[in-house]
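Input: one structure, supplied below.
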Amino acid sequence: MVHQVLFIVFGLICVAGAINLLVQRHPINSALSLVVVMASLALIYLLLGAEFVAAIQVIVYAGAIMVLFVFVIMLLNAGAEERTRGSRIALFVGVPATVVLAGTVGWLLVHGSARLGGVSIGSSDFGETHAIARLLFRDFLLPFEITSVLILIAIMGAVVLGKREG
Amino acid sequence: MIPLSWYLILSAILFSLGVFGFLLKRNIITIFMSIELMLNAVNLSFVAFANYWNTHPRALPSGDPIVPLSGHVFVFFVMVVAAAEAAVGLAIIISVFRTRETLNVDRVNLLKL
Amino acid sequence: MTKNLYLWVIPLLPLVGAAINGLFGRRFKNAMVSAVALLFTAASFGWAAWAVWTLWPGGDKPYIEALSFPWIVAGNFSAPFGFYLDQLSMIMVLVVTGVGFLIHIYSVGYMGHEGGYYRFFSYLNLFMFFMLTLVLANNYLLMFVGWEGVGLASYLLIGFFFLKDSAANAGKKAFIVNRIGDFAFLIGMFLIIQHFGSLNYDSVFGKIAEGHLSPETGWGVFTVIGLCLMFGAAGKSAQVPLYVWLPDAMEGPTPVSALIHAATMVTAGIYMIARSHAIFNLAPHALEIVAIIGCLTAIFAATMGLAQTDIKRVLAYSTVSQLGYMVLACGAAAYAAGIFHLMTHAFFKALLFLGAGSVIHAIGGEQDMRRMGGLRTKIPITFWVMTIATFAIAGFPPFAGFFSKDEILGSVYHSPYGGPVLWAIGIVTAGLTSFYMFRLWFMTFFGELRLGSVDIGEEAHAASAPAQAGHGAASGSHGHADDESHGHGGVHESPWVMLGPLVILAVLSVVGGWVGVPQFMGGHNEIEHFLAPVMQYPTVAAEGSQAPPGVRVLDPTSAPEERTTGEWLLAGTSVFAAAFGLFFAWLLYYKRPELPDRITAKMHGIYTMVLHKYYVDEGYGAIFVKPLLALSTAVLWRGVDQGIIDGLVNGAGTTSKGIGNELRRMQSGNIRSYAAWVAIGGAAVLAYMVWLGVTK
Amino acid sequence: MDTKTFLIIAVIKIALVVFIMLTGVAYTTWLERKLIGRIQNRWGPTRVGPFGLLQPLADGIKFILKEDMIPDNVHRGLFILAPMLALAMSLISIAVIPFGETITIAGHTTALQISGVTHVDGGISDINIGLLIILGVTSIGVYGVALAGWSSNSKYSLLGSLRASAQMISYELALGLSLVGILLLSGTLSLREIVSSQSGTWSLAGHDTHVPHWFIFPQIIGFFIYLLAAFAETNRIPFDLPEAETELVAGYHTEYSSMKFAMFFMAEYVNMFTVACLASLLFFGGWHGPHFSFLPAIAQSLLPVVWFALKVFFFIFLYIWIRGTLPRFRYDQLMAFGWKFLLPLAIANIIVTSLIVAWRA
């Protein structure tokens, strides 16, 4: 029971944060609401027994990436958004398409939830770091190496782009 | 005992909110953030399924059983990629700002026909 | 048949001649060209004579000689290069090479000062090659090769003066009409292949003789094959439905008309019917139709011949009419009589044409009989030769024409398929024949020369348009490169090189008939006996299939002797008809020359009808040609070609451009629209997955 | 051990630990001002109470009573949120730090750790990713600084906060990597187990060396990197450029006054405490020390805590001492030192330790 209450609370926080991200005019506010979303997601991960991932989520996402965003927003200090009539197609075709789709997926999930069965905290050592580490460095070693190369390239790209000309 | 579909629904909602942000917002950084939101939504469903596979072991169509923790590893990789993307993306945004003096997406339309 | 006769040499020689003339003729002098042509034709004639001599009299088994390499092998059907010499093809070979050789000599003189001399002789040799293959072939397919080749050669020769539009059109017309006939012939061949499995004469006729045919070949099949073959022959031998090309074929030089449109090519059809007599005998209905067609053509052409003013047109119609006789003979299952008439006709018709040629040559290319007259004294030899020919064709006793025509009329009278009605029409046609021949004879040789003096009455203008146009042009240049023959006034006799063949043909026209003197006149009809083995395939009805009720199957082996009593009567009536025709011609064109104009004035309607050849040409034009033209332009050209094909091609271009234009608008440069498209794409994929999931 | 008693015990523990921590913070300010004074050959606060002992109290009252001034066209929401965020994040990390073994009061035994849980069979277990949580929380702490500078809408504070957050982010890397050595040795992320793995003594080449089994000895380099990174993290003296008086006025908290400024200040000191506790836990064996058998039971169970407190005090002293002696880094030197020296060194340390561990296993 406690889990369900916790899940609903954090879920609502998450959704509220996401909506706030859309509603806010100034990017800094939406950035912070995104941090809230990420933190609440981390807690939901804990609910799902994924301790290591929750910690990583906090450290990497909330702690590093969002800081980067806040950093850039502060650096550029571009101010609030202005309402410009950009592309009509985005509004009149994109949005309805997504709504319809989300609706169908949602309906399907609700409809099929009985078949799917439940989720619980699970055994204590499920989300254990050493279990993930064993998997990561043994079965998924190649992707791990590839992503490390990816990160290297990203860093170099960012540095080159970020450098002031001359 | 929370039904898996709740998590998936939450993930779907977050994802579609991300898509709305991606479509409706004017500021490039905000668009970028909504992409991050979408990625997070996906991570959520990954983790949810990881737990689900742990309790309801399933097999891949190719026959060998699904490793429950692979969900977490995938989340890990998604984060890594998201980090890389954020780095490069923000660098680009800075250079765009430096040349175009604006972050408004509709103003950045030099490719217009 | 132990010795190998190398029959294939006979057609090969003219081919070599044609090749030499054709390829190197431009550089040869005229004399060289004619030498080559004559040499090869003579060699071919000689070889043919030798072959006939060694084979004489040729037993009941035909001499068959197949070349080593097979020509077409397709599954169990094979058409070899085979040659076939039996009594029938002996006659044909001798006629073709003999008359051909004479005409070659004649055209040396006639075409002497014409342009394209080498071209003319290479075409003639080519024609000889094709005709010989046709005659000597041992299967229908090789015969068909000759059949088509001959059509080609006639096209080339008719259109020899290709600068003249009318000649070119006449060539085309001849070729197309022949093709229609060939089409039917092809269908006939296909049916033969289907039912007999092969096209070789010996295997086809052998199967018919032994009677073991495939179950479904009954009366119907034979009738259909017979009709197809007959329609093919009609195309080639200018019978009623497809005769229109022959009168126009007169555009060609006269030797051509003589060789192709009198002696050889047109007879190919009769040869083919005679050759496939076994099939026709089993198809009594077909024979009846053939007889009717033949008779109809005869009377029809004869009436048209009456009103013609151009000398060659008259002869053309007379040829059609005589061919009608031969077909009538075949229709009455008297194939031997048909072949006999074919031979004699070859002689006197060739003679008539060449004589007309020398007349035209003499008076400088003038073809209109109304302009001629009184040539009796100016070109005596031609006059005498033409007289013999005219009497022969009219059918007066001592000459060849009488015996062959009488033979046909006699057998028609007694044949189950002929009967008195056809015989009566035959007699009337004989009368008409002698009338228009003597009309020609009187107008050309009696009275005084009206060259250029008389204005061409409305009669001439009323003549049918193509003839008129040709005629007018003919009188002008007639393709003659030079006009000097007209220039130096005097009418002069043709040189000996032209008169020689005329005299020989004259002798043949007289002697030719004696070969077939019937029993009751004392002769013992050698030609009948000579051809008997060919015709002797017993055509007893196939066991299984009964003749349809009411049709008596003629058994040709029934001895012809016992009908002598009525013969004298029949012969008498035919001679009487001929004399009657002579009297009228003498009356109208010699005694009282003004009579013809008065008669034509009175019977104006009928006269113009006949003059315009019953408007058949115009009818065909309206029924077939115009709609075909309209169809091809409106539907095929406009509709299909422009509409569909171009439409598709251009359409593809414009649509892709259109699509490209639409897609271009997607590149709006607005990032949020790209985002929208990404979202839509994603949504679509997800929707598909969901749909897939749900329906699985 | 139903949830009710668990909640009561938890609340008691939290209240106790927070109270101790805050008074500790307050008196560290006093200690610092006294020590710096002594280092700079002056007395430091002596007026308020004997030896100035009541000075922190006076400061606290001052901060509370001062007028809480909010400058205009300032992002009010964020302006107020920033200090709270900073303080909250630093306080959260205390929850995970274990002080001692267990303590039984009125029959209930509980672990001397806010997040510690005693099992029925007497075993104690805590969050098995304690160290990660501390790292995560410190990285969230950066927001407080960043937002403070940005929301006060003045160039100096903006630049100060940018520099501060840049510095904290880059040194966070070195901090994280330096701890990997410890993890390699202890094989676990939970702090309590790391400490328990430091009990006993090192045995070198077979025989006992009577040297306590602390990780400081094998991980001396790790310790050194950790200390420097930690100093940078808490913006303490050698690395306190952002709020240095001589440079950018007062860095990111120039616009702040009274309580909000106090919060920043407390956040900084709590961070110092966390760093000190971590250092002692990871490198100095936590509450392991020579224990005397003659003490009464209750005192016996509190002995480890005393040891732990002594170690933490030593590190606090070290902070203040360094603050009094070392000059300030220039910004580019600071960043260069962080990225070009500390980070490679930390990675080298990891490689060496992992080789040794692999070799010994």
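Chains: A, B, C and D, in written order; residue numbering restarts at 1 for each.
Just so we're on the same page, contacts are C-beta pairs under 8 Å (C-beta built on N, C-alpha and C of every residue); 3 or more make two chains touch, one makes a residue touch a chain.
None of the values given here were measured: they were computed from a predicted structure.
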item: Residual chain groupings, excluding chain C and keeping positions; value: one piece
item: Between A-C and A-B, the pair joined by more C-beta contacts; value: A-B
item: Central chain (distance from its CA mean to the mean of all protein CA atoms); value: B
item: Distance between chain centroids, defined by C-alpha means - chain A, chain B (Å); value: 6
item: Centre-to-centre distance between chain D and chain C (centres being mean Cα positions), rounded to whole Å; value: 123
item: Inter-chain centre distance, chain B versus chain D - centres from mean C-alpha coordinates, in Å; value: 34
item: Rounded Å distance, chain A centre to chain C centre (Cα mean); value: 96
item: Per-residue multi-chain contacts in chain A, two or more chains; value: 52, 56, 64, 75, 86-87, 90, 94, 98, 101, 105
item: Sequence positions of chain B contacting 2 or more other chains; value: 19, 23, 26, 105-106
item: List of chain A residues in touch with chain B within their complex; value: 3-4, 7, 11, 14-15, 18-19, 21-22, 27, 30-31, 34, 37-38, 41, 44-45, 47-50, 52-53, 56-57, 60-61, 64-66, 68-69, 72-73, 75-76, 78, 81-87, 90-91, 94-95, 98-99, 101-102, 105-106, 109-110, 112-113, 116-120, 122-123, 126-127, 131-132, 135-136, 139-140, 143-144, 147, 150-151, 153-155, 157-162
item: Footprint of chain A on chain D - complex, ascending; value: 75, 77-78, 81, 127-129, 132-133, 135-137, 139-140, 142-143, 146-147, 149-150, 158, 161-162, 165-166, 169, 172, 187, 189
item: Residues of chain A touching chain C in the complex; value: 86-87, 89-90, 93-94, 97-98, 100-101, 104-105, 108
item: Residues of chain B that touch chain C when the two form their complex; value: 19, 22-23, 26, 31, 105-106, 108-113
item: Touch list for chain C against partner chain B, complex; value: 664-665, 667-672, 675-676, 678-679, 682
